[in-house]
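Some structures to go through are shown next.
Both complexes below contain chain A, partnered by chain B and then by chain C.
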Partner chain A sequence: MTAVTCELCPRGCVIPEGAAGDCRIRVNLGGRLRATTYGRPSAVHIDPMEKKPLYHFLPGAPVFSIATAGCNLHCLNCQNWQLSQRGGEEMEEIYRLDPPELVRAAREEGCRSIAYTYSDPIVFYEYVYDTAELAHAQRLANCFITAAYINREPLRKLCGVIDAVNADLKAFDDGFYRRVNGATLKPVLDALVTMREEGVWLEVTNLLIPTLNDDPAMIRRLARWVHDELGPGTPLHFSRFQPLYRMRNLPPTPVETLDLARREAKDVGMEHVYVGNVLGHEGNSTYCPRDGTLLIGRVGFMITHYALTPDGRCPSCNERIPGVWRSAELFGEQP
Partner chain B sequence: MYGPRHLYSRHIHERELRFLALVLLTGCVIALQLGEGLRLAGLQGAGWRAIDLPALERRIDVGNLSEHEAVWYHEATRQETHATGAEQRP
Partner chain C sequence: MTREPDRSSRQPERRRVLALLGGLGTLGLLLPWLRTSAPARPVQREISLHEADFYRPHDLAG
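Take a look at the complex of A and B:
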């Protein structure tokens, strides 16, 4: 009986033969660890980039989005629990899309980027890596939407093929992570710093849950940490909670709380602070941090106004807005 | 003296015994359920889960799931195996 130890995420599961890791989809079969959902996604959609949310990365682009079953976190408020809190053998819907077919499908659908999203793509790492390599070879960008609960070395390697990340920073409180997500804070912070060091385009999302992580002092600490460690130009999204899964006892986040969070983050010097899941809020849009010009107007996931210059500058004061605005910035001009 | 009062108390005694037996039986059923739950919880030591292995194998056989070998793992050391209870078969 050969047990194996998974080195991918901080859980470090030691898995006996015939069992799975905590994420349910990495299984020890015959003394070897198998990625059982490799090439077998259970969710395949085309989304706007704004839905990820990535607001400073190829705005308005359709993105071919996939996920398999499984997750290494167990959030009580999970939005995708039918997907994330199940193993592959429990899924009704499974598609056969090995990396070459996935890249081909994305291209045929007119998408210039692929997002690994919905559940946490960390747990289907091998599938992401192989697909992302192929995608790059065909000038397709790779977006990784994650809670960033991953070990340093696998992450470093992954950053070589990933272009943009939206990372969920769930709270600036280890106790919250333990109670609500079944994880810990420090590895997440370390992972965000690694992503920044590796030069991946990074945006951060913080879902505000009434009474659990909406304390203004905690929000300020979180924003200050993002400012100091990741930089003031890092887009920071405060997102509205909706009662779901095992957390139906709390109300949706009041808009005033999101407004307050936005003010706190701006007070510590964050330049691009957004409000998500509130249709038509002014915090959906991008403004020049120097002169306040409306640069990208959004209503929900729709772009209603676009004033950035082709090289990503404010048309009135020429301020360079951090982001990746054209795919030529990733791959050079099309030959 | 052997009158109606005596009969009444014997009747009570039988009813109590039957009730006691029912309580004991219920207790046994609960204990068995709890025991099974604890056994499974004990098997699922730190960081691993028992899964429906035949279902997984069936889906691999028909190509709905994959046997692709993962990266980022090593054979568990004796110490790791022992510390997490992973030497027990799921």
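Take a look at the complex of A and C:
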């Protein structure tokens, strides 16, 4: 009987033969670890880029979005728990979509990018990597939507094929991570710094849950850390909580709390601070940090106004807005 | 007195058509049953599972 140690994420699961890791989908069969959902997504959709949310990366582009079962976190408020908190054998739908078929399907649907999303794509790492490599060869961008609970070595390798990340920073408190997510804070912070070092486009989302992580002092510490370690131009999204899964006892986040978080983050110098899950809020839109010009107006996931210059500058003051605004910035001009 | 027309020469042809129709009907009724009552067969080809990256044998002594 050969047990194996999975070194993908900080859990470091020791998996006896015939058993699965904490994520439910990485299984030890005969002393070899198998990624059981490779090529077998259970969610396949076309979403707008704004839904990820990625606000400074190819705005308005449709993204071919996939996920398989399983997750290495166990958030009490998970909004995709039917997918993330179950194993592959429990899925109502399993598609057979190997990397070449997936890339072909994305192209046929007119998508110039693929998002690995919904559950945490860390757990279907090999499927992401192989698909992303093929996608790049065909000038498709790769977006990775994650809670960033991953070890450094696999992350560095992955960054070579990933173009944009939206990472959840769930709270600036290790106790919160342990109680609510079944994880720890430090590896997440390390992963965000690694992503920045590797030059991947990075946006950060913080879901504010009433009474659990909405303390203004904690929000300020979080924003200051993002400012100092990732840079003031990093888009920071404060997202509204909705009562879901095992956390139905708390109300949705009051809009005033989101406004307050936005002010705190701007106060420490963050330049692009957004409010998510509140339709029509002014914090859905992008403004020039220098002169306040409305650059990209959004209502929900819809773009209602676009004033950036083709090279991503404010049309009034010529301030360069950080982001990836055209796919030519990733792949060069189309030959 | 009228006489029935002699149709005896056409009787064998009709019998064949009726037999064919009857046979097809029986087959149509039996096919679904035959299909469901077929003995279960083992899966002929195992679908391979992709080997994961980033793992090592666990050192129980360590």
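Here is the rule we use: the second predicted complex is superposed on the first by the 335 of 335 C-alpha atoms of A that agree within 3 Å, B and C clash if a C-alpha of one lies under 4 Å from a C-alpha of the other, contacts with A are read in each partner's own complex, and residues count from 1 in each chain.
Operating definition for what follows: contacts are C-beta pairs under 8 Å (C-beta built on N, C-alpha and C of every residue); 3 or more make two chains touch, one makes a residue touch a chain.
Remember, it's a predicted structure, so these values are computed and weren't measured experimentally.
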Chain B versus chain C as contact partner of A:34, first or second or both or neither: both
Residues of chain A touched, compared between chain B and chain C (which is higher): B
Partner chain in contact with A:126 - chain B first, chain C second, else both or neither: both
Which superposed partner A:88 touches (first chain B, second chain C, both, neither): first
Touched partner set for A:5, first chain B, second chain C, both or neither: both
A:19 touches, of chain B and chain C: first, second, both or neither? first
Partner chain(s) touched by A:154 [first = chain B, second = chain C, both, neither]: both
Intersection of the chain A residues that touch chain B with those that touch chain C: 2-8, 14-15, 26-27, 29, 31-36, 38-39, 125-127, 151, 153-154
Footprint of chain C on chain A - complex, ascending: 2-8, 14-15, 26-27, 29, 31-36, 38-39, 125-127, 129, 151, 153-154
Residues of chain B that touch chain A when the two form their complex: 45-53, 55-56, 58-60, 63-77, 80-81, 83-84, 86-90
Chain A to chain B touching residues, read off their complex: 1-8, 11-22, 24, 26-27, 29, 31-40, 87-90, 94, 96, 125-127, 151, 153-154
Complex contacts: residues of chain C adjacent to chain A: 49-58, 60
